[in-house]
Every structure is written in structure tokens, then in C-alpha cells.
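The structure follows.
Letters are used for the chains, namely A, B, C and D, taken in the order the chains are written, and counting of residues starts over at 1 for each.
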Amino acid sequence: MATDTPMQLGMIGLGRMGANLVRRLMRDGHRCVVHDLDEAAVSKLEGEGAVGADSLEDLVAKLERPRAVWLMLPAAVVQPTLDRLAELLDPDDSVIDGGNSYYRDDMARAEQLAPRRIHYLDCGTSGGVWGLERGYCLMIGGPPEPVARLDPIFRTIAPGAASAEPTPGRTRTDGTAPDGYLHCGPSGAGHFVKMVHNGVEYGMMASIAEGLSIIEHADVGCRERAADAETAPLREPEAYQYEIDVGEVAEVWRRGSVVGSWLVDLIADALARSPRLEEFAGRVSDSGEGRWTVLAAVDEGVPFGVISTALGERFQSRGTGEFADKVLSAMRGEFGGHAEKRSRS
Amino acid sequence: MATDTPMQLGMIGLGRMGANLVRRLMRDGHRCVVHDLDEAAVSKLEGEGAVGADSLEDLVAKLERPRAVWLMLPAAVVQPTLDRLAELLDPDDSVIDGGNSYYRDDMARAEQLAPRRIHYLDCGTSGGVWGLERGYCLMIGGPPEPVARLDPIFRTIAPGAASAEPTPGRTRTDGTAPDGYLHCGPSGAGHFVKMVHNGVEYGMMASIAEGLSIIEHADVGCRERAADAETAPLREPEAYQYEIDVGEVAEVWRRGSVVGSWLVDLIADALARSPRLEEFAGRVSDSGEGRWTVLAAVDEGVPFGVISTALGERFQSRGTGEFADKVLSAMRGEFGGHAEKRSRS
Amino acid sequence: MATDTPMQLGMIGLGRMGANLVRRLMRDGHRCVVHDLDEAAVSKLEGEGAVGADSLEDLVAKLERPRAVWLMLPAAVVQPTLDRLAELLDPDDSVIDGGNSYYRDDMARAEQLAPRRIHYLDCGTSGGVWGLERGYCLMIGGPPEPVARLDPIFRTIAPGAASAEPTPGRTRTDGTAPDGYLHCGPSGAGHFVKMVHNGVEYGMMASIAEGLSIIEHADVGCRERAADAETAPLREPEAYQYEIDVGEVAEVWRRGSVVGSWLVDLIADALARSPRLEEFAGRVSDSGEGRWTVLAAVDEGVPFGVISTALGERFQSRGTGEFADKVLSAMRGEFGGHAEKRSRS
Amino acid sequence: MATDTPMQLGMIGLGRMGANLVRRLMRDGHRCVVHDLDEAAVSKLEGEGAVGADSLEDLVAKLERPRAVWLMLPAAVVQPTLDRLAELLDPDDSVIDGGNSYYRDDMARAEQLAPRRIHYLDCGTSGGVWGLERGYCLMIGGPPEPVARLDPIFRTIAPGAASAEPTPGRTRTDGTAPDGYLHCGPSGAGHFVKMVHNGVEYGMMASIAEGLSIIEHADVGCRERAADAETAPLREPEAYQYEIDVGEVAEVWRRGSVVGSWLVDLIADALARSPRLEEFAGRVSDSGEGRWTVLAAVDEGVPFGVISTALGERFQSRGTGEFADKVLSAMRGEFGGHAEKRSRS
């Protein structure tokens, strides 16, 4: 299944995502020049057929013009790398930022490189650790010409049309979306769509998590609750006597149900390995895109309640609600109790 | 300021609320017969002028017909007490449930007593530990005749018109709402309104708590954050360098601001005593009304997002979100990490 | 692919779901006796090989003992049908409610039928109009013996293991969840899980809808906003100049992305047919399960913010927030404007 | 009650807020030089004792050094006015922005003026149209020296300690918070606190609005609902038969209740004038501070669910959720209906 139009690509950043992108590209007949501060990562891919480069200069020197350099770096490292790279590249070369940059940074970077006539493409890349086999969903922003030129690269990285059944109602025959990659618009558009994608991901994940939690707690009627004025009584404990295997529920939802999704596949897998998820502390990280999605919705003035609630629940999982909670307890103490100590007189 | 129309009332339940109601009534010239399982509570009020009763039978015997008996009991104790009391009372007697019963229980209890022609009134009572001095806001449900008959009782308990400035746009001169008590409708209407009152209280409290927490954390830019892919970076730390005294903020909001409210008064007080609220663990209880308010909104099909979010934040403060959070962490682990251990091949 | 163990099933209710269940069963070699008030629906399935029945009595008479009767009826019709059916059935017969009954009704119905030793099974059925081909995800509640007896029926209706890749981490080899059906627990457990499934569905749908809406409005910077004190200004209009094809975004998300799901498949299809969705008014119905899921979460005291927000957004789409919105506008008018008409003096 | 320390202040912007500030200041013995593009506004205040100025230059010329100039302008006009004013002022003069600027703009403006040694103070001003009589709650940011110098001005504008009872637990005797004004911190701190104040205001308003709406709809059981599969049935219509006067509820909540607040006062007033609020369309504006509060909470990573929900409900009231709602309806159409037109085969 080698590509008809092999190309050459430089890859900077050989973490899991970067390395797997290189592998997927080489497997399809593309040639890759690779660089990472970690020399072992470079050597490993050299052993798999890539050309190693021990510096940005070396990488640039080993690429044919017009060059294409893909950055797969932590967000904080992109700008300094780009600054150095800009000094080394020539007009009509292209840089693709495949990480999770904020789309406004993309806009600024495209402007920064414009005087040198270096093309800047932002490419949101979804697929996680499974992408080597599944392919990666690509959301691309930037000027049309270099996006078109790099089409063979994107096509190889993307999952391809065969990875899902055709959309029955689709009549248009142009466009690459059915292949799993899309030129979304000018600079920043790719990361904008990827940002919202992650916001949607937060909401879907939270919905699944809330649902499984409601099922997990369907046995609350079997447990006693304190019968004091501070505890809301469970009026009908007999209606909450179910001990349901949430792992099996996730598994059954994988087939034929309306909630069938890759996220349900993943949680079914996690629960199959670890039915009580005991190895997790439940402190849920967030890496920026969910936050930026909320900011975008606020700027646009459109509803965002599910995504923001999902984000807020992550914040709370990390204990950042503690002060607010203390404020609540303090207010309850003031109006509800201990008058002897707090009387006005 | 003694009432023109002194009445006699039986009070069952001499906790803080019940005892203070009795004091407020006696201070205004009403006569009270009081009962509690705790004999010391009875003795104490006898010392202040009340007539003690050592049993329900004794209490009923000491009241003149038509009797009026006020229950100020934990929700769980109301029904058995009422069952016993119903056997002792006569037609045209009245029972007032001043606690936080679910309004649907009121409807059932009114029906239960109807064949005996005993009146059942539900009376939501707000005011907390300050009510002895401030008066209690009363939301009353039940048939018109006994509500009207007990008007002097309600009038004494309520704060009175002088406790707030008149509403400038109010032209109607009838009605007791400006005195701080209101006959809301038939059986259950009083506790329905009180239930929603508490739901509103949850939302207001949470809004204040979130706001003070945002102010408390206005110094996050002074602290370093981990610079890894799991942590959303703070893009502009220079904009979060404020160390603001939240207690003083609460105090200043008490005067002239749009958020001025009794709840702000209370949190200003709590923060004056304890600027860091260190004595609180931040596990926020809820005692039922907020939940029932959400159920009512769901049944009615009207928006309820602020009140339900406030309720959900209380749940989370008590750690009940742990399983959902673990599900989220597990999903993140599946798609984002550790491919070597979890690859499909 | 005919079943090894053909069975006989009575089906009452030949709407789209009921009729397709019959087709799927007959295609696999099961025999069906069918009844509906609509005679044409009965005739149509007779033409496809079913045995028609013109009354409940007739249906019961045409089934061999122990009988199995599946109800696929609107929620409101289940109880009266069941009441009549109970008179006709014999001990050890089974009734399966495949609709969307509230799980508490299931508990009551199982109790109602217990004295007659008729088995009652509740079976949540997900799959919508696509189930004939895809199979239906089944979530089953009831006593073990009749659930086991009816296994061939459930196995035929469900999608089967081949409809999705195996869960890589799954080591247990028992259980039917990988085949797309699951015995969740005693009476009501099936509809409980289906109820929560639909709650999760609401949250996932709302998350996708919010996300696509944020993308659709990414061009707000191209439009002018009123520059008055009542309108929040868009500080950086240059960051919102994207005109992104949301239909293509939905299509690209179908492959390789973390949000890949049947719901994304469906909206990609809808947008392919109708890019602006102009035929929809945007009044979003809800049919009960989302509400009940919220009630369950409230009873259990676990977080439910995403699901309840999704539900609340549906309420608001139907205009039921109007009074609340007027209250907000009225308050804003009071403190912010028109003092000349509303001064205190 | 004239001030002991009369000062002179320039006021630019004589809208309702600006004009009333001038009146309140003059009433207390301060001298004001006033300017507005609307000459009639200037003349009116001249008639009440102010010194009019027909240009910025004229205003600056009429003020004694060190000057103090208060800007009470729409947010969009502040920057150009400040740019011009900076050219006219001298070192040690002060500018106070009393409007609703974004606190980050304050930070930039303070830096802009620093080289000229002009002091910039940001002053969040709450109180709305009632402030002339009630006084205004002031939240002040900026360097300590000019804030201290202008203390008599702030003291006059603020409501004063007598406007509320003392906080019982307060022991510290320093500080101006009990007088209704507070120096919150360096540049921007005043508007930061005011911003959050308005966020809290949104949440409190929404909570009250949701609550009154739930009470207003307590009669849904009296109305019929469509009995089809698209409409969630009301299971217990007998529990929703209350016709409750929400205006009277708001009035009764004004006295003695936990939700007692200025906002409840205001809605009681609005409902007294207009029980059905028919003159309002229910399209609720927002003017920026609620949005910025959400952005701050997101940056800080602390819970913000109630405030963001309140903001989202305002967005939805203005119809901006329409596309998202159409997406939901489209998805429901896809999986639930019209199979004949949308079948895969």
C-alpha cells in the first residue's frame, strides 16, 4: 500500500507521537530525516530506516528544497525551536506544527515567518497512542498551496477512507475529509478545530464518566445513611439496590448502542484490565485545549455549558475547589448552627 | 409591642429553632405549651414562662380548643409524631409542620388528617439561628380558614414590615408578604416555596463561593506550574499577581453593591473571625431541599442549571465524584499514554 | 447464519422498532406471532412470514407454552396492555418490555405478576432505526432463569461480537456483553442501565452540538457588534475570522479521532444532506430517560453536571426559560436603567 | 454631614452614573469640574453648583494641582480619552477610571502613564441607579499614595458604615471596607474585584430567576401534555397544581429569609409593578464582566460552574444556541426516525 508520490519530511521531536508518525510515513514509502535532543530516540529510528540528524542545522542540510519540517514538540518548546529553525530555512520551505499549540500562537507564527516566505502550517493531530495502526485524524490550517503540496504526507498519516463506512448521505465526491484529514482554513484553523475537538472530547468523556458513576452507585440503597438533619435522606432505598458490573456495561455499549464510540471502547478496555480502577487517584489533568474552547465559546457568546462543566469537574477533581467549599461550609455554619458562639448580642 | 390578639400554641420539638420560636411568641404575649423528649429543654422554657408538658397527651390536654400544635422536628420524626398526635386531637384542631418536610409528604398528611377534620398546615421557616431577633420568614400552605385563624401567631414570628424598607413599586395594600409571612396556597405550597427558597439559597451561596475563590486565587501567577504536557500552562502569569484579602472584599460588598445580601453579611462575618477558614474541611452537606428543587425543575421542564450545578458542587465536595474521576483518568491513560503496555498488536 | 436454537416469540406493537425486531428474528430462523391495533402492520409482517394475531387472546392462543411475549409499545400503553395480558398468560410464561419504561415501573410490574408466577423482563433496547441491520444493544433486567431461557432471542437481536473489534484488555471469556446484550441484574436493572445510557447519550450529543456550534461561529469577528454598554465587546475580532465547513469537520472526525462515535457518524450524515440544517427548528425533545437519569444521580448524590446541563439546554431550546429570562431582564432594568420611571422618591 | 476635608475633582462623562457621583460629592461639600460631549448635561450640573468645562483642556485648566480626574465613560471611549488627557496632565496628577474596564487594560494604562508620573487608579463602582441615595460600593486598585490622598472622595461616594449593621465577628478596627470602599491592591485589582463581583451577581440573579421560574411553573400539572413518544410524561401531575403569586413570594423573601438581598428587593419591586413582566422580551444582555470572570476562573483552574452556567443561560436567552439545538434535533432525527428516507441500503 505504498504511496504513489513518496516525499521527504523532516521530523523534530521523537516522542511517542513523533516517532510513530515517522514509522507510519516510512511504512508507506516516504523518507524521513529525524532529530531529537534524545540521541537514543534518533538512533532507534535510524535503525528503522530514518536518516538521523544531530542538530537542526544538520536536519535542514539533509532535506531537499523546498523543505518540509514537522514539529512534534511540547507546546512550551515550539516557539524557541521555530525561532532557530526560521534562521535556517529558505523561502518556500514549510514548517508544520503538529502539536497542541494555541491557534492564536499559530496566527502570530505565520505572521512571523511571512517576511521570509516560509510557510507555516498548523496541524491538529488526534489519535493518541493508537495512531500508528489506526492513523491520525488531521485538522490542518494554513495557506492552500503548501497544504496541497504536502497532501501525500497527510494522506499517509491519516486513517484513510476504508477505516470507516462511507457516510450514506454524502454526495459530494471532492474533499479529503472522508480520508481522515481536512484543510480547515487559514493559519490557526487547524488548531482551532483540534482545540474544539478536545473540548468535545472533554464533554463526551465526562458524560460517560458520570453515567458509569451513576450505575456504579446504583446500590446506594443497600448502605445506611446517617439520619441527621445534615444529610439528605434517600427516600426510596429499595429503588437503589442494584450491583451492576460497570465494566460489562461499557462492553455491551460498544455494540449497536447510540453511545458507541472510541471512548467507550477505551473505558471498556480499562475496566476489563482493572474493574475498580484502583490504580487511579482520580486527579484528572487538562492540557489546555478544553480551557481554550471555553474561552472561544465565551468570546463567541454561544452555549458551552456541557464543555465548561466537564472542565470544571476536572478542576474539582484536583482539589482546587477547596476554598469555595470552605466558604460554603462557613456560610452554613453561620446561618444554621452554633448560635451560642456567634450571637449578635 | 405585644400582640393585640394573644393566642395559645403548643410547640413540639425544642431544638434551637423550636425554642426560639417559643421565646419570640411569648415575648409578644402569646402563651405556649411546650414538649420535647429532652426534659431539660422543657424545664428551661418553663423557667422563661412556658407551660411544660411531659407527653403528647399532656400537651394536648393543656391546650384549649380549637388547638394549634406546631411541630418543629427533624424530618424523619414528623410522621410518627403526627400519627400519634392525630389520635389525640379533635376536629377543628390544627397542626403546623414548621420543619423542612418534602411538600409531597404534606399533601399526603393533609389527606390523612382530613377524615378527622384536623387541619394540617405546612410552614416553611427560614431564618436560622438569627431568627429570634430578626424574625422568621414564613411560607405557609394549607386551607384558608385555619391559616387566617392563626394569623396572630404567624405575624409575631415573622420579622414585620419595619424590618426592611417598603418596596417602592408596590401599590397593593392587602397581603401579609410585606410583614414577612405568606399564605402560598393549598397543602404543600408552603414547603414547596420553602424548598425552592433553599434551592435559590444553594445557587446564591455557590455563586458567592466561586467568586471569592476566584479572588482568593488571583495570585496564581506568583506560583510556578509544572511545565509538562499534562498541565495547562498559564499564558499570562503577570495578570494573576494579586494578593487580595477576601474577607475585606466580602465586607465591602455589604454596602451599596448589587450583591449585597444576608449571605454576604454572613461570609463577611465568618471571614472576620477566621480569615483562612481553616477550621472547615470543605465537605458541604445538603439536607434535601436543593435536591427536591432540582427534581421539581426536571418535572416542570424548566431551566435549573445554576441550582443543579450548585448541588453537584456540594456532592463533589464530599468526594462522591471519585469513581467518575477515575473513569476520566483511565480514559486519558488509554488514549494518551503507555502504548508499550497497551498496544493492540 | 440461522440460529441453532429457533424459538417462538409473540410481539405486541409493530411500530418501526417492533416490526424490525420481528424481521431480524425471522431472518435468523425464529418464529413470530405478531399483533398490533393497526391491522395493516400485522398484514405486512404476515407477508414476510410472521403469524398474525387479531387480538391479545389470539396471540396468546397461538403461542406454545411456556410463552414469551415481547411488548414494544409507547410507555403510556404498557401498563394497560400488561394488565390485560396478565389475565391471559399462564405460570412460567414470560413478558419482555422492550420499550423505554421507567425502571421503577418495572419493579412494580414484576411484583404485580409474581403471584401468577409470570416472569417479567425489562429490556432496554438501543439502536434506533438502524437496528435491523446493525442489531440492537440490549440491557436486560429480571430473574436469571427466564433470561437464560430467552438467550437465543437476545442473541439474534443483538449485533454480535463481530460488529466491533474485541476489547484488547479483556481476558474473561464468559458473559454476553461482547455479543451486545447483557443481563444487568434483577427487575428494573435493564431499564436502569438503558436510562443512564440515554443520559450519557444526551451529554455526548450536547458536547458535539456545542463544539460544532463553536466552530460554526468561528467567524463572529467578521460581523459587527453593537458598541453600546449592553453588549460585551469582542476584544480580538481578528481571532474569529474563520469560515469553517462544519459538515466536513464532522466527516473528518469520523476517522482516527478521539471523538469518533456513532453520533459523529450521524451528524456527519445529517450535515452532508443539509449543510445548514435549515429544516430543523431547533426545539429539542426529550423523552424521559435523561430526566430520570438526573433524578437517579440526585438520589445517589453523585456528580451529574454534564448530563443535567445537556437536559437543561434541551428545556431552554423549547422556550421554557422565558420567565426566568424575563426575571433577569427585569432585575437588570431595576438596578441599571430607567431611573426616571423607577426612582424611590 | 459635610466632609471635613473638601477636595476638588474633575468628572468626565456625565451619564446617569457620572452625574449622580457629582451630585453626591457636591452634596458632601466637594467641588467638581465637569465635562461631557453633551453640553446640556454640563449645563444641568452647572445649575446644581458644578463648574462646567467645555473641553478636556478647559477641565484640566480649571483644576488645581495635583489634579484628580474621574472618568465615567463607556468602556470603548476610555482609551482615546485617556490618550488625550495624558498629554494635558502633569506629574503627580491622578486619573480614576470608574467604569467597567477590563482589569488587564488597567494594567496596561498604568504602565502607559508611569513614564509621565501620572497616577492611574481603577475603581469598580457598584450601585446602579440607586447609588445617589444609597452610595456606591467602590473597589479600588492602584498605588497606595494617590489612593490615600483621594480618601475623602471615596469616603463620600461610598455608602458609609451606617448603611448596614456592623459585622458582629469583626474585631479589626482599621480599614475602610466597613465604610463601603476598599483599596484592593495594585493596578487592576479594583476592576478585578468588580469583575468578579459582577460574575457573582450573574450567578445570584440566575439562581433567583430559576427559583421564581420553578415556582411560576408549579401549575404544570393543571395543563395537558402531549402523550407521544417525543414528550416526557409528567408522572405525578397532582403534585404540580399550585398557582403561586411569584411577586408575593419575592416580597416575602425580603424579610428574615436566608436569600434576603438587594436583588430580591429589586425583583419584588419589578413584579409589584408588572406581575407577568410582559414588557420584557427575555433577551438578557451581558456587558463583559461575567465573561471575564469565567476567563479568570479558567486561567486559575478553579470551579466556576454556577457563574458560567448563568452566563450560558444569558447567551441562550438571546438565541445563540440555535445552531447547537439544530444539531441535536438532526442527530435525533438520524437515529430515531424516518428510516424510509435515510436507510443505508
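FYI, contacts are C-beta pairs under 8 Å (C-beta built on N, C-alpha and C of every residue); 3 or more make two chains touch, one makes a residue touch a chain.
Note that the structure is a prediction, hence the values are computed from the model and not measured.
K.L.:
Would you mind checking which chain's C-alpha centre is most distant from the centre of chain D?
P.N.:
Between chain D and every other chain, the largest centroid distance is to C.
K.L.:
Identify the chain pair with more contacting C-beta pairs: A-B or B-D.
P.N.:
B-D is joined by more C-beta pairs in contact.
K.L.:
What's the distance between the Cα centroids of chain A and chain B, rounded to whole Å?
P.N.:
One centre to the other, that is 43 Å.
K.L.:
From the C-alpha centre of chain B to that of chain D, how far is it in Å?
P.N.:
Taking the mean C-alpha position of each chain, the two centres sit 28 Å apart.
K.L.:
Among the residues of chain D, which ones contact at least 2 other chains?
P.N.:
Those would be 128, 168-169, 206, 208, 210, 213, 217, 232, 235, 258, 262-263, 269-270, 273, 291, 299-305, 309, 312-313, 316, 320-321, 323-324, 335, 342-344.
K.L.:
Going by the contact rule set out above, which residues of chain D touch chain B in the complex?
P.N.:
103-104, 107, 126-128, 131, 134-139, 158-161, 163-165, 167-172, 175-182, 184-186, 188-189, 192-193, 196-204, 206-208, 210-211, 213-215, 217-218, 220, 232, 234-236, 238-244, 248-249, 251-265, 268-270, 272-273, 293, 296-297, 299-307, 309-310, 312-313
K.L.:
For the complex, give me every residue of chain B touching chain C.
P.N.:
Interface residues on chain B, with respect to chain C: 168-169, 258, 291, 294-295, 298-305, 308-309, 311-312, 315-316, 318, 320-321, 323-324, 335, 342, 344.
K.L.:
Which residues, counting only chain A, touch chain B once they are in their complex?
P.N.:
Listed in rising order, the residues of chain A that touch chain B are 16, 74-76, 102, 128-130, 132-133, 205-206, 208-210, 212-213, 216-217, 227-233, 235, 262-263, 266-267, 269-271, 274, 277, 280-288, 291, 305, 309, 313-314, 316-317, 320-339, 342-345.
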